[in-house]
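Lettered A, B and C in written order, each chain numbered from 1.
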Amino acid sequence: MRSSRGRGVLALLAVATLLGACSGAGTQASPGTGNVTLRALFMKQAAYSEADVKAMTDSFTAANPNIKVTTDFVGYDALHDKIITDQIGGGGTYDLFLMDTPWPAEFVKAGIVTDITDKIPADVKSGVFDSAWTAATYQGKIYGVPWINDTKFFFYNKKMFADAGITSAPKTWDDVVADAQAIKAKGIVQYPIVWSWKQAEAVICDWTELAGAMGGANFIDAQGNATFNTGGGLAALEFMKKTIDLGLTNPASLGLLEDDVNKTMSAGQAAMALNWTYGYAVMNDPQNSTVAGQIAVTSAPGQGSTTTAGVNGGMSIAVSKTSKNPDAALQYALWVASEKSQEMDTANAFPMWKASFDKPDVTKANPEYFAAAKNEFENLVARPVVPYYTKLSNALQVAIQTALQGKQTPQQALDGVAAQLPDLQK
Amino acid sequence: MSQAARAGAVVDRRVRKPWPETWVAAAFIAPAALVIVAVVLVPLARAAWMSLFDISLVRPGDEPFVGLGNYIEQLTSGDFWAATFRALWFTVISTALELILGLGLALLMDQPLRFRWLLRTLVILPWALPTIVNALMWRWIDNAEYGALNALLTQLGILHSYQVWLSNSDLAMWMVILADVWKMTPLVAILLLAALQSVSPELVEAAKVDGATTVQAFRHVLLPLIVPVVLIVLVLRTMEAFKVFDIVWIMTGGGPANATQTIAIYAYQTAYQGYDFGRGAALGYLIALVIMVLAAIYLRLLGRVGRD
Amino acid sequence: MADTTARAGGLRGGAGRLPGAGSAHHRPSLATRVRRLGRGTFLYGAMVIALAVILAPFAWLLISSVAAPVDLLARPLQWIPAHIELDRYVNLTVGSTLDDSAVSFRAALVNSSIIASSVTILSMIVGTLAAYAFARLHFPGRSWLILAFMATYMLPPIALILPLYQIMSALHLRDTPLALIIIYASFVTPFVIWIMRGYIETISSELDDAARVDGCSRLGVLVRVIVPVSAPGLVSTGLLAFLMAWDEFLYALIITQTNASKTLPVAINDFIGRHGVDFGLLATGGVIAALPPVIIAFVFQRYIVAGLTAGSVKG
């Protein structure tokens, strides 16, 4: 009760430092000769797990005996806080840290990440999906080595589809509505679709993915004007509202996160949902799911001329501004992001290397999923890359929920955020 | 303890004339003052100073002085007042429920019942559960599809079909209040039980011999005696409840559509997630101000009762 | 503390306080007996309901911690899991040291115990001293000062944490249990003062005066008279102090970095992933984290029973 968590807190730490004490601007010692110790900040997760990271690190230190690497792991919620505290409030203990898709703009503005645009080898640049680079880029400069590639796929319950007489996976969001109506009409499940629409970043991810299919997710134009209240953004929200009005979307969705979506599907209470890569393994795991083996996956549906669109959910490894050994740090980042490292564990995460998807020994575990993933990774859309992103996201979350509850029309709700935009940009 | 007692006796023998009371008080309070002030003073001053500037993390080096601008901006903002009233609503309902249920529980634990040791030990369970776990547990229980609440109410025949709890704007705050009351009532009960224990049982019995009913004895004998502690608990819970953050943040994230966005969530979102630290510090002081006003009202209203 | 015999006597006195027991020299009338039966039924009924409400959510947490995840998704819900899995408890407590989450959790259990105990002892000592002064002594600025102490806590921690972090860094205390002990003591102490002052005020000052006449110093009065008489208050306040330190999250999240100082809430928070929560593991961690305070409550609960001689209190 007393406690609260938040990335902002640590950012606050940062500011006090700006006001008073100076940030520890590390001297850039030259690497290469002599022994070097690196400290890297990762997060605890399914992919890549601590064991995966340790294996990658061990192979790195075996090949580079003069470089020692210490790895720390924190929960996702604490990750952003730790980075800001360490880099600005604490003088910089970390040489490398994990950076989520929406963060680069803010980190660049705060001056805590190193521009590595010119240091990325050409084969790495071309070998990795373009979308993965987008997640580490701000204003044309690269600030991170892509490490986790992720997007939301379309999961559906094969048995429920078959019971409703549906023979193929939906190709468009209109198909989704038609299939859901068929399933509902047969009384197979009360609410065929479940989403992660809690007032959190999760709802923005679903909305962005839908917008990508429905006319594009260019939410802010080059002049900083709102475009999310026209085109794809508006169409996506209207679609979301329509599925609620038709009784196809579970009304509980407004309080659910991705994990709840998995469980609702796993409980057999929904026929289809969007979720991240790891969802496939969880929903088909007999330990966790009552419908194990029934859950199929495909690229997210498109609409009209768009065949598929996925929200960009990748993460990258950034070299900190305070690192005393930025070259060695980059060397390590490139190692753990290499094709070989990434192919070590494909059960919970896809490699971000295009070539991996064409290697039969990598894809053999689930060729269909790899095919769907390759298709979608080539068609990712990004959330706005602006330094005021968190404020914008908060305003959009409220507007979307207000519209979904029928208290405003989608147009009114999004126009409201557009009107606030100059204030958010301050 | 006994060593300290001996030390006290030694001091007593050495100092013939008693110290002036103010000096004694200073000596008694000094260690606590050191523990509190040494840690808090600098941060307090720093936050006050920051609240006078327009500071943003993503605009390093450009932090103009705005005087009371941050305060005025908040006090004239509809969002600020909406969040303040949501926090007040949460505070009033949860504190009232905790006090009523806590008093009932304390009276029950004060009765000479068999197995009351069981109640006295287990009552601490909700309170001992870390807040993070408590919040996630209630989110789990309140889940519309596989939560225990729907299952229980349906199996008991109270509900005919599964309900949406946390995703409903009209119910979400009540569900958060339920979780908070479940966790914090034991604290109130234990503090009140300790107060009840210091009331001599003979007083109540004497009242009964004089013909008072149980209710009358409670109303006229017991209650006035424990009013000071009730007051303390009230202030304590109000201070905590008004600042509520974690339990709301984990259960609803302030949603749906800001229905549970309390003032602390608002402060976090508008100031900290947006990196406006001047506004954040100003909001911190405004929250403290509201709590002080609430505390002053209690002390005035109930302090009078207590002095009777 | 009061000696054991006095406490035992007090306990017996408490237990003998049956309704109407004092005046039961002759056989009570039928009406009295019916009334007493009704009262007993009501009280035991209330106790059963209270226990049910307290235990039901916790029981569900306990079940979630030993059930297979899939069993928890069934509809209608199976309250008793088909089979019980104790893996999570084994993993977190005595399992492999290769599991980083488990190692972190065990370190946190030790850290939290050290921190919460230290904070409790420190705050209770300095807080009770100050509380006595605020309750009994007259000095200028008394009411102002106690409010000033309390006011330090009215500001949300989010506004204080940055400078605190810098101070701890400057003192090289970051990522140490000591830093958390110092910070926690600073907000637990005002509460101890606030609550203990209230308890001391309910004690008749005639007791103080009598001891003073007997030649006790102020400290002597506090230690020999007030402390024994306010044992229930001291124990419940101590419990409050312990739990405030045990449950604190935000400061710990920021000050700690490694297993050297991570506390239980931080270690449990690490179980929450980016897109998923392993609720079974979280429930297990929660159950284990709740145990130490409950054991302490069990050990001390009889001290909350008035071990006091009648007449030593107000009135």
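Keep this in mind: a residue touches a chain if its C-beta (ideal position, glycine included) is under 8 Å from a C-beta of that chain, and two chains touch if they have at least 3 such contacts.
Predicted model, so just to flag it, every value in this text is computed and none were measured.
Student: Quick one: which chain's Cα centre is the longest way from chain A's?
Tutor: C
Student: Of all the chains, which has the CA centre nearest the overall CA centre?
Tutor: B
Student: Centroid from C-alpha atoms only, then distance chain B to chain C, rounded to Å. What do you get?
Tutor: 14
Student: Report the inter-chain centroid distance for chain A and chain C in whole angstrom, where each centroid is the mean of the CA atoms.
Tutor: 41
Student: Provide the C-alpha centroid distance between chain A and chain B, rounded to the nearest whole angstrom.
Tutor: Their C-alpha centroids are separated by 37 Å.
Student: What are the residues of chain C that contact at least two other chains?
Tutor: 73-75, 156, 158-159, 161-163, 187, 247, 249, 265, 269, 272, 277
Student: Give the residues of chain A touching no fewer than two other chains, as numbers and ranges.
Tutor: Chain A, residues with two or more chain partners: 1-6, 8-9, 12, 14-16, 263, 267, 269.
Student: Can you list the residues of chain B that touch 2 or more other chains?
Tutor: Residues 46, 131, 145-146, 243, 245-246, 264, 268, 272, 280.
Student: How about chain A: which of its residues touch chain B in the complex?
Tutor: Against chain B, chain A makes touches at 1-9, 11-12, 14-16, 18-19, 84, 88, 106, 109-111, 194, 198-200, 250-256, 260, 263-264, 267, 269-270, 387-388, 390-391, 394, 397-398, 401-402, 405, 407, 424.
Student: Could you pull out which chain C residues touch chain B in their complex?
Tutor: By the definition above, chain C touches chain B via 1, 14-19, 22-23, 43-44, 46-47, 50-51, 53-55, 57-58, 60-61, 64, 72-77, 122-123, 125-127, 129-130, 132-134, 137-140, 142, 145, 149-156, 158-164, 167, 182-183, 185-187, 189-191, 193-195, 198-199, 201-203, 215-220, 222-224, 227, 229-230, 232-233, 235-237, 239-240, 243, 246-247, 249, 264-265, 268-269, 272, 277, 279, 282-283, 285-286, 289-294, 297-298, 301-302, 304-306, 308, 310-311, 313-315.
Student: Chain A touches which residues of chain C in the complex?
Tutor: 68-70, 73-75, 100-101, 156-159, 161-163, 165-166, 169, 174, 187, 244, 247-254, 257-258, 265-266, 269-277
Student: Which part of chain B faces chain A closely enough to touch in the complex?
Tutor: Per the stated touch rule, the residues are 46, 50, 53, 55-61, 63, 131, 143-146, 164-169, 172, 180, 184, 240-241, 243-247, 249, 252-258, 264, 268-275, 277, 280.
Student: Note which residues of chain A are touching chain C in the complex, please.
Tutor: The contact residues of chain A facing chain C are 1-6, 8-10, 12-17, 20-21, 43-46, 50, 72-78, 81-82, 85, 89-91, 93, 257-259, 262-263, 266-269, 275-276, 278, 282, 286-290.
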